[in-house]
Amino acid sequence: MTNNTFEPTIIGFTCNWCSYRAADLAGTSRMKYAPNVRLIRMMCSGRLDPTFVLRALSGGADGVMITGCHPGECHYIEQNYKALRRFLLLRRVLTGLGIEPERVKLVWASAAEGARFASETTMFVEEIRKLGPLNWGKSSDQSTDNWSPITDNSPKEALA
Amino acid sequence: MSEKIGVYVCHCGTNIAGTVDVKGVAEWAAEHLKHRGVVIGREYKFMCSSLGQELVEKDIKELGLTRVIVAACSPHLHEKTFRTACKNAGLNPYLCEMVSIREQVSWVHTDKVAATEKSKAAISGGVERVIHNEPLEPIQVPIHADTLVVGGGIAGIQAALEIADAGYHVCLVEREPSIGGHMAQFDKTFPTLDCAACILTPKMVEIGSHPNITLLTWSEVEKVDGYVGNFKATIRKKASYVNTDTCTGCGICWEKCPKKVVDDVYEAGLGIRKAIYRPFAQAVPKYPVMDVENCTYFKNGKCKACQLFCPTEPNSINFEQKDEILEIQAGNIILATGYDLFDAKRIPQYGYGKLPNVFTSLEFERMCNAAGPTEGRVVLRDMKTAPKSVVIVHCVGSRDENYNKYCSSICCMQSLKFAHLVMERTGAEVYNCYIDIRTPSKDYEEFYKRVLEEGGHFIRGKVAEVTDSARLPEEEGKLIVQVEDTLIGKQRRIPVDMVILSAGIEPRHDAKEVGKLFGIACGASGWYTEKHPKLDPVATMTEGIYIAGCVQGPKDIPASVAQGAAAAARVLGKIQQGVIALEPIKASINETQCSGCRICNGLCPFNAIAFIEDDKVSSINPALCQGCGTCVAACPAGAISGTGFSDQQIIAQIDGLLLKNLEEPVAA
Amino acid sequence: MDTELSFNDEIANVMYATHGNPIKDCLQCGTCSGTCPAVEFMDHTPRVIIGLIRAGYKDEVLASNTFWSCASCYHCSVRCPAGIDIADMMYALKRYSMWKGQHQEGLIGPVFSESFVKMIVNSGRSFEPLLAPTYIFKNGPQGLVQEAQTATGLMLKGRMPLLPKKIKGLKKFQNMVRRIIPIGEPS
Amino acid sequence: MKQYAYYPGCSLESLATSYNLSTLEVAQKLGVDLKEIKDWNCCGATAYFPVDELLAHTLVARNLALAEKDGLSDFVAPCSACYKNAYFTNSYLKKDADLAEHINYALEADGLHVNGTMKIRHLIEVFIEDVGLDEIEKKITHPLKGLRVAPYYGCQLLRPRKDHENVENPQFFENLLSALGAESLDYPSKTRCCGGSLIVTNRKAALDMVQILLQDAVNRKADVIATTCPMCNVNLEVYQNQVNREFGTQYSIPVMYFTQLMGVALGIKPGKLGIGKELVSGEPVLAFAY
Amino acid sequence: MTTKPKFTMYWAASCGGCEIAVLNTHEKILDVDANFDVVFWPVAMDAKYKDVEAMEDGSILLTLFNGGIRNDENEHIAKLLRQKSKILVSFGSCACEGCIPGLANLSPVDEIVHTAFNTITTDNPNEIYPQTTYDVSEGELHIPKLFPILRPLDQVVDVDYYMPGCPPESHQIAAVIDLVIKVVKGEAELPPKGATIGVGDSTVCDECPRARNVKLIKEFTRIQDIAPVDPTLCILEQGIPCNGPATRSGCNARCPQAGAQCIGCYGPAEGVMDYGARLMTAFASVIDANTPEEIDHILDGIPDPTGQVYRFNLAGSLLKANREAWKRIDKRTQGE
């Protein structure tokens, strides 16, 4: 697969206190990074519902980046650990569904780590670029009319 | 009802317009998001200017906008501005959302096309989200006028006095038998070398006698319930076995007590006290406490000398006394629990605990104190010989990846003070071994200069080790300090009689647990996290809980006092308001849907979630909830919802960001 | 854009497993030098070497005997408050100077290392008698006498084997080495 | 019985044969099953890192790979330098996938593969932690009563322990010696470097370092210096006469492997422990036990 | 007789358990007969598709449709019955969310066929596979063509009501039948379209009698690996992943009452978008560990997390199927 022209679409979740501020800092410091990540602000990484990730992936995103305060530095004391727990389970479930777990990434960035935010973002975009498009949105096209049933049940050809 | 949405795209001069096709974006929104309710898409040079704000206000009034999107800088900068503008025009402020296309687009991207596309996606996401925003009203909570101050060091003392003097009641809880904290252990304080007792004692006495202050020493907070304006603290007042109603503090009991105990707290292990004791002469309150761990009677059932000799009528010693549990109400809480000294034993190469004449800073402070174990004489561990030469080691446990990474900020000045005191009291040669001398405050550099002039030696180099293994005849029987003098590039082995370790300061060993009790967090280094490091240094993330003094980070007495006063001012402001408006971003539980599975119960760090046994459902106290949303994300039954960051809002924003709303109209 | 690597980065690049080591974090505190048991025999202390590296004094650094005097005891690394693995950096400097073929005259270290490597490549094991001649002469005639005395003493005690040992799978072992450094084709 | 992958290292085949002998004797007595790794190679000691870092790690990794192949879980080295090398390479292998890939590429040519799953142990650790001091104490027949021992840890043994132990003032060696009935001294230079390979490359520096160690032992009136590493042992023992010549001193202090002291206390015949092979006689030590 | 409203029931990709459940309503089944004209119910009576095709649109009052849409025959009948019925009820988990047949969405269709016809347990030495068309002397035979993935009913046609359960509890079925009869008699009103009927409004925990506390799990295990299970304490609290917290109530917590963990057949609670996500978040929330290593270690106790959280709901979830399965569709639509 050649993906030279493939521009991944990535949804990023940030927490209000650290990672969103890191993104702000990257901005105020005019750091440059890849434009492929579109951010959503939540109060805390603990707000991260796995549903959001699934919705993004099934809706056309090629990757999801979850960011929050460093362990031990959560503004809500310890909620980022809860995000971590969900993230680790979610990755396992995604793997079971044949989705490369690398498509969902968890990044800790403090409000002071604009540079980290920028470099992690660019790195992630490159990782996703390497993985290629996920294409879930297109496959899950719901209009049943263009669905062709399998006409030949012989696996010999299909498996070839 | 279908919404009328206004989209405003800011140029920010050329800040945004330089990279994003602002006009194009505004037009695109008006056209392509029309079916989503966008009725107007405008661009403007400076949206935050008064003219920009008027634009929004006018449209709200004239076009009847029901939702507003401002695509400009970060919401952290101007969200308040535009929400206020909406409010002025009669629109609920929470129906306005900002979309960051400056910090997150124009400033970080160079490709104009990509930046413009990203801006469109961001606006599309914002529009979808704002459709689901609900009008919210701040929650009003009345403020109880009493304040709880925890920790009676100089910071807590200052805070308590400020509030009490302003006419409000304060309850001051101190763990030790007396207030005073670390400052009470010192003899002289830098940079002016005031006598610590002279400036501290009057304040302590004032605390003891202030009509507006309830002083609870030998006490600890065990539990905190409630929320800003309305805290309820459970306090354990430990049994002191002394009836303070009758005790006169005459001192006969501890004079007669046969049991001597090494005083690790106040005397830093250098002196002794009795099993019944008052830590120091100026202690407030003046009553002794009995240390049952060491009391002969409690151990062997025999003695009672204190009771026998107690002269009061009725006798003040009461072996039957029990711990008391008190409950107090408070509107605000100030935590001023201070610091612990870094344990110098953790750096074995400095020999503390093994080589007798290596001392810690606090031991040295006690030695200098006229009321201390040596009555102010600076002597070796034998308690008589004066040293002829002394090395003071800086940065012990500080600025070190192996221990604490931060600078303890007080040890440079304190080491200079030590150098001065050693020279003044013994005439010994003094060497300060340092990495950098940091004296960034008024009159501090002058103090450094003074010590230089007095003849103190300064060696720029971190001490590698202290040993008693002599190599040369002149090293016999001495402590040898091995250090590179980095300024002259020489290896030095300095044989001296005494070494003082300027141990750094650390968060209290129990800071984490205590923080948890009050619902506040520690940063990476263990100090409590302030709301904003520059602009809100005494408030915390938990409304109504303030911090002052060394709990917030290493600092000296002037800074601790300033913070104590600042925290008091914040509290007084709150009390004056009478009520407080809380951000309406909260979680709540739909009781019908809640199954009582209790999965959410352990998740809230602010203890906002309670399980109601009778109904077998959980419920959230809105005043305690800080709106993090963790429980919302966790409830498997989907019974918890959150305002401001609801599932619908976020899901809609995801779809919007992915531009799903353009192709297929999302069902309203 | 400036494409030339700074000396600091060049050195960082030859520290592979420790990812370049944070030598930029050095506080110049001197703990390493104060700790080093070999410091008396170094023309620059470890701290100064770091200072020189950061300031880009390449020639001074390469001309120094400091890293060849390092005993690799890692005591400095244990104590460094900036978390720098100085001992590892000393190895890196050795490698760099060997690689550039640029080091102080008359040092035994480089010769020793090279002959040691050869020996291992040839046999898979190290063997003292074989090693000795390559460096003994460097200690001068007196050194030779001393060494000979010591060696004879050891031989008499059965602590000096006469024949070198070889590992059995030497061919394959050498193929392995070949995948990393050129050692000539198999004979 | 648990089996350990035993990596004697080159010195134990030549200069330190007595270390090997005593190790095997003591291990047998204590029921520690040491299975020598087949066809191991030199770990490169300190001489390989100056030439090529990757090669240095690969040499170490080959031994680890051989041990992994045997399906054992613990890699045991009696030489502190071998131990340190194995420990560091092993931990890098675990942490650094890129390095592991490079190394495995080379190992492939030797038909091997390394995962970094071994637990790296020093011999003394196995005796103290796995056998246990209580167990050792029970088996002692000839306590070393009154023997003043300077416990010399040396440097390499301690470096990998930075993560979990007090490396500046460790106590485990002292505890072992006490269990043997000996009196372990507060030896100030116990973690100072002996000069290691500088003995070859910078004789003057190394002798200076050795001299300090000897002097400290003499100052503490030690009867013997106990070591945990063949390099330390050789430097302190074989080169004592050169130190004397260099500094005009008269040192004649026995230097023994900790395994030799253990062996004596466990009642193993001195000859079986390689005692008698020293240049500075170890005879005086025996007097305390018999 | 002809004035009675018409009733049909159909099974698509399903096991037949739903039909049994309906029959299990005992005497209630007689009410069905008394009040309805059963015109089409393949499992219970003989009928021809042609007869249904001939009916007028909207002439059937109530259709209980169970089973997912796995082949073109399923799809055809689903569309047909939709067209002919006033009230189409998605009946049982297979129709509502895919259920166990939907788990086949974890494999591409050719693999499924291969597994079914050519595994060790299948005696198929000549590797003969069913063909979609086959010529016999009487003419050409057709068997239904498989779709690449299984879809719940509402992904194919518009559905009026949902009745989840594997199978729905008989007492719930009886209640629904009663309701419809009342509606027919004008004694009651239908619930709003799209409602889930015959269920509770919370989750299984709500009906579960087991005691529960704040949950802190240090280890997950399978129920067969611990003995004995405390009969009074919440099963999840004992470290066994119980799907009860996320599963809609209505079954009276049958499984936990019987000593086993809930496996989730009633599907998600009201308003939930993705059932698996709710379970993930539930399990993750009770884990008592903070380091990735510890957490991972605990998660190792759930050997098949995907199957655990999507056992019944995979086809109805946001992602619906395994990526491999989707990829085959991509190829197909791209004309390969």
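Observations on the model:
Letters A, B, C, D and E mark the chains in the order given here, with residues in each chain numbered from 1 onward.
We take it that contacts are C-beta pairs under 8 Å (C-beta built on N, C-alpha and C of every residue); 3 or more make two chains touch, one makes a residue touch a chain.
Because the structure is predicted, anything quoted here is derived from the model rather than measured.
Under the touch definition stated at the top, subunit A and subunit E share these contacting partners: B. Think of each touching pair as a link: the shortest run of links from subunit A to subunit C has 2 of them. Of all the chains, the one whose CA centre sits at the greatest distance from that of subunit B is E.
With chains reduced to the mean position of their C-alpha atoms, the one farthest from subunit A is D. When the interfaces B-D and C-D are ranked by how many C-beta pairs touch across them, C-D comes first.
Between subunit C and subunit D, the centres computed from C-alpha atoms are 21 Å apart. Between the CA-based centres of subunit B and subunit E the separation comes to 54 Å, rounded to the whole angstrom. Annotation: 49 Å between the Cα-based centres of subunit B and subunit C.
With centres set at the average Cα position, the gap from subunit A to subunit B is 35 Å.
Within subunit B, contacts with two or more other chains are made by residues 349, 603, 633-634, 647, 651. Across the assembly, subunit C contributes 40 as residues in contact with two or more other chains. Contacts with at least two other chains are made by residues 168, 212 of subunit D. Applying the touch definition to all chain combinations yields A-B, A-E, B-C, B-D, B-E, C-D.
Within the complex formed with subunit E, the subunit A residues making contact are 49-51, 54-55, 57-58, 71, 78, 81-82, 84-86, 88-90, 92-93, 95-99, 135-136, 138-140, 142, 144, 146-156, 158-159.
Residues of subunit E touching subunit A in their complex: 71-72, 75, 106, 108-111, 113-114, 118, 127, 129-132, 145-148, 151, 155-156, 273-274, 276-278, 280-281, 283-285, 287, 289-290, 292, 295-296, 299, 302, 304-307, 309-310, 317-324, 326-330, 332-333. Considering their complex, residues 592-603, 616, 633-639, 647, 651 of subunit B touch subunit E. On subunit E, the positions that touch subunit B within their shared complex are 201-206, 212-216, 234, 236, 244-246, 249, 268-273, 278-279, 281-282, 284-286. Those residues of subunit C lying in contact with subunit B across their complex are 27-31, 33-35, 39-40, 45, 47-48, 79-83.
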